[in-house]
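Below: one structure, written as structure tokens.
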Amino acid sequence: MANLGFVGLGVMGSRIVKRLLNAGHRVTGYNRTRAKAEDLIAAGMEWGETPRAVAEAADITFSMVSDTAALSSLAEGPEVILAGLSEGAGKIYVDMSTVSPRLIRDLAGRVATRGARMLETPVSGSVGAVEAGTLIFYVGGEAETLERVRPILETLGQKIIHMGANGQAISMKIAINLTLASQLLSLFEGVLLAERSGIPRAAALDALLNSVAASPAIKYRAPFILKMPDEVWFSVAMMQKDLQLALELGRELNVPLHTVALANEILTTARAMGYAEQDFAALFNVLARMAGGEA
Amino acid sequence: MANLGFVGLGVMGSRIVKRLLNAGHRVTGYNRTRAKAEDLIAAGMEWGETPRAVAEAADITFSMVSDTAALSSLAEGPEVILAGLSEGAGKIYVDMSTVSPRLIRDLAGRVATRGARMLETPVSGSVGAVEAGTLIFYVGGEAETLERVRPILETLGQKIIHMGANGQAISMKIAINLTLASQLLSLFEGVLLAERSGIPRAAALDALLNSVAASPAIKYRAPFILKMPDEVWFSVAMMQKDLQLALELGRELNVPLHTVALANEILTTARAMGYAEQDFAALFNVLARMAGGEA
Amino acid sequence: MANLGFVGLGVMGSRIVKRLLNAGHRVTGYNRTRAKAEDLIAAGMEWGETPRAVAEAADITFSMVSDTAALSSLAEGPEVILAGLSEGAGKIYVDMSTVSPRLIRDLAGRVATRGARMLETPVSGSVGAVEAGTLIFYVGGEAETLERVRPILETLGQKIIHMGANGQAISMKIAINLTLASQLLSLFEGVLLAERSGIPRAAALDALLNSVAASPAIKYRAPFILKMPDEVWFSVAMMQKDLQLALELGRELNVPLHTVALANEILTTARAMGYAEQDFAALFNVLARMAGGEA
Amino acid sequence: MANLGFVGLGVMGSRIVKRLLNAGHRVTGYNRTRAKAEDLIAAGMEWGETPRAVAEAADITFSMVSDTAALSSLAEGPEVILAGLSEGAGKIYVDMSTVSPRLIRDLAGRVATRGARMLETPVSGSVGAVEAGTLIFYVGGEAETLERVRPILETLGQKIIHMGANGQAISMKIAINLTLASQLLSLFEGVLLAERSGIPRAAALDALLNSVAASPAIKYRAPFILKMPDEVWFSVAMMQKDLQLALELGRELNVPLHTVALANEILTTARAMGYAEQDFAALFNVLARMAGGEA
């Protein structure tokens, strides 16, 4: 039974904490708006008044926030996680967010100067994967630190892949996510072309979903064009956030990313057309309107 | 035991005929260069002197050629398949090529005026799928004609999907194939970005192949970047041929195909760099060179 | 005073013939629909019953048609221009259309086998330039043939540039035209970005038209976004025709044309949105709609 | 004779100060490395020890730095320009850099809280234009402030265009610059296509430079493909900096910028191939290598 902390109790974070509590761990949690934490507190989570308080209370503190700016804000000031990583205590800080590799490397350096250790463990898989325990973790940081955290990760996911030093796991996550928008775009181009050829949309989609082109990501998301989901786990705006991370990394590392740049502009088109907060399967509507349809 | 004909004994056609012979069917075959047919003749195939002779000898005549121009040339002149589809005989002509839907519709019309019936049955799957009997057939044409041909197709593949009227199956095939090059491109962008982040190429590839981005097409072809295949079943030039069909269809039907247009220019780059006859996984080399590497 | 023929009395052709008549030349003309020729006949043009009749009557026969298919149709059959280029008569055939270089080279070869000579002289400049005598001619073919035709061209334009052998002038014309759509697109992106920044559209346009980015083509066409022209000289469909020629040539010669491929898909979007027959400045409306505006 | 200050004595700034001194103005100047200022000090410029000292000494203080980060660093800390804009003195701060509109608006707000006024006056034109006095100024800020600065600007340039409030001039400058890379790209595609058609490069370039596609920017820069310039005024890296500003603004304002995104990736390719510090006409070499040439 480990003594854990968790900062960021959003859609993913809250479900992960729930699972950790169910596994019998002690969890101290913090969220910017406390209201979202009440259910977890009722379920046994202890409330930390600040991120610093969480880190002070826990041996291993996790964070999971929505973007680079949010994680940066957790790193500056007197009450942040870093301030709670007291020296000599062998504490570990694990961030699960999808953010800039540069920020992760910077944070890891600052954590080390306090005598603590940091891992980044960005995840593959959405809400359903948390609930089913089938998340995949890409891990960046030292192997021995990973060994100490591994038992916790194993209660959450089915696969733990150590990519290398700090920053490399998040780079890998970005490298995977950059493929998602353009995969969907080319699939939707196929659906539209088939539909305009006289094949009903559902039949065209069915043929594509049973073809060699159907990745798990496509099988999950492409059917949304027949019926958009009630809850949005991965919006146009979130997808664009990840493509931006990819484009920044590509520029830094001199890797041209043609498909990403293209998809990124079509995501801007999607936002311009009003789909920012819809699932990014709304790219289909964008393409349909560009093809003269009413979507 | 059916009385079949087959025109076009290339990489795919010859293996299909082999399978038909093994299933006990009578097959009359023709190929532009007879030398390639000798093994099949030894295995029991009868030789037809012209496509017309094949169509005259068979109840159901198949053709499978490399592109629109090749199929067009099978349609004009005194010795073509059409000329052998004698009236009143209930003959069926089945083309398996990936060609222009317009040509298929045109051919089907001319076949009908001779009192015969035509199907197009473009296939999904390559050489391995023929040998394993796991081809997928997309079928365009009348349902009752399909019923007469179905038993033959069932000896060749595992799935037969009736898409609709003549032209619609080939449109569906094009709609599927248009996704393949851009899927691979975005995956390769991911591999390069990860590699430049310090992750070994094989590890980056492995992570991607086990991610939600990995379609069957990607799982099959992406590993070629570690070791290019000895035999090339789907070259840069062939992939570009299919993208051209998609772009033509998109123009005709007013469907913009941004990912296809992008991939098509990168395939031209691949040809310009000397990869025309390599497997189109050579797109990785193109991207690597564009990223300043030596590939 | 030369003895001339002219096949294709459209928007450009009819004005050129008018100018040739005004210069005192004898002109025999042909057009698919004779009605369009009545004004010219009234002005002194002789009517040729067929293209062949025109070529038989004239020493130098010009043609100017809308696309490759139209010019091809002028080359096959008993009554075509070729058939009228009787041997030993030192006749010259000059085509002014923007068509495939391959067709031009093919025609030039067939003209030569009849003992005649061919030039291609695609023009730069639209209706206004014909009337002002400021056309630019790019000439492909032999220099000595050009010298015989030069006096005629000089009555029509201000500049005659000999690019090289048959096919090279038309390639040059295509190389120039391929820049026009993407120039306009990037300019329009600038207008939209400035407008969304709070600068009135007319002021943004004015600043761009007075900047280093303003080519003659842009100065002429970009103001159409404030008021579309009453008559359309260069439509979305015509622009796309030229980009197609460029893309075909690029594929043949292994030159990737990224900006052309991009512009071509946005032209398809324009057609899909209903702008096919509008001036291609309608690309602004397409971009505005992609940016969420109503255009 | 005005009492002026100037922060940032680089390639452009030093020449502007020279011109101001020649016009008889008093100029106090500052540069991060003083060595670059020695010639100007010898020519009569007074040296300011800090940006703050410059702003304290001058009635109108100009700055011109290379990018958003450099200008940001001039805005934070005790010795920055802002700190020298003492209240009630009617001081004016004029920034000439090409930076983020957001930063300009932010700075202008902070300047106003100190009782001073700010203009941004990004310039069009390079080193030659400074020396010839032909710069174009786009001005953002209040009209009355502009009237006070106008006499100074008139000694430097030939045209002063008031675009609107703070931020709008810099947005306009970005809107103009975003066109430059893609204009050049499409022109170079034309040169390559013509060259591969058999037309010598110089002849192809000449035809394009005399065509309707030739903007002033193209006439200036495209000839560099025949001979790259000895000094680089606008490098691949600088061009990409401006495209990044455009892409950020487009994302903020929901304007998709397809041509910019494309050009940006090809600029990354240029950097990856080693051309970062060359004039951005090096895009020709990139395209030539993508077309299989040796460039």
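Things worth noting here:
The first chain written gets the first letter, and so on, giving A, B, C and D; residue counts start at 1 in each chain.
As a working rule, a residue touches a chain if its C-beta (ideal position, glycine included) is under 8 Å from a C-beta of that chain, and two chains touch if they have at least 3 such contacts.
Here the structure is a predicted model, which means the values were calculated and not measured.
In summary, the chains found to touch both chain A and chain B are C, D. Placing every chain at the mean of its C-alpha atoms, the farthest one from chain C is found to be A. Taking each chain's centre as the mean of its C-alpha atoms, chain A lies 53 Å from chain C. Centroid to centroid, with C-alpha atoms defining each point, chain B and chain C lie 38 Å apart. Looking at chain D, residues 250, 254-258, 262, 266, 269, 271-272, 290-292 sit in touch with two or more other chains. Those residues of chain C whose C-beta lies close enough to touch chain A in the complex are 269, 271-274, 289-292. Within the complex formed with chain A, the residues of chain D that make contact are 240, 244, 250-251, 254-258, 261-262, 264-266, 268-269, 271-272. Residue ranges of chain A in contact with chain B, taken from their complex: 101, 124-125, 136, 138, 159, 161, 163-165, 167-168, 171-172, 174-176, 178-180, 182-183, 185-187, 189-194, 196-199, 203-204, 207-208, 210-218, 220, 246, 249-250, 253-260, 262, 266, 287, 290-292.
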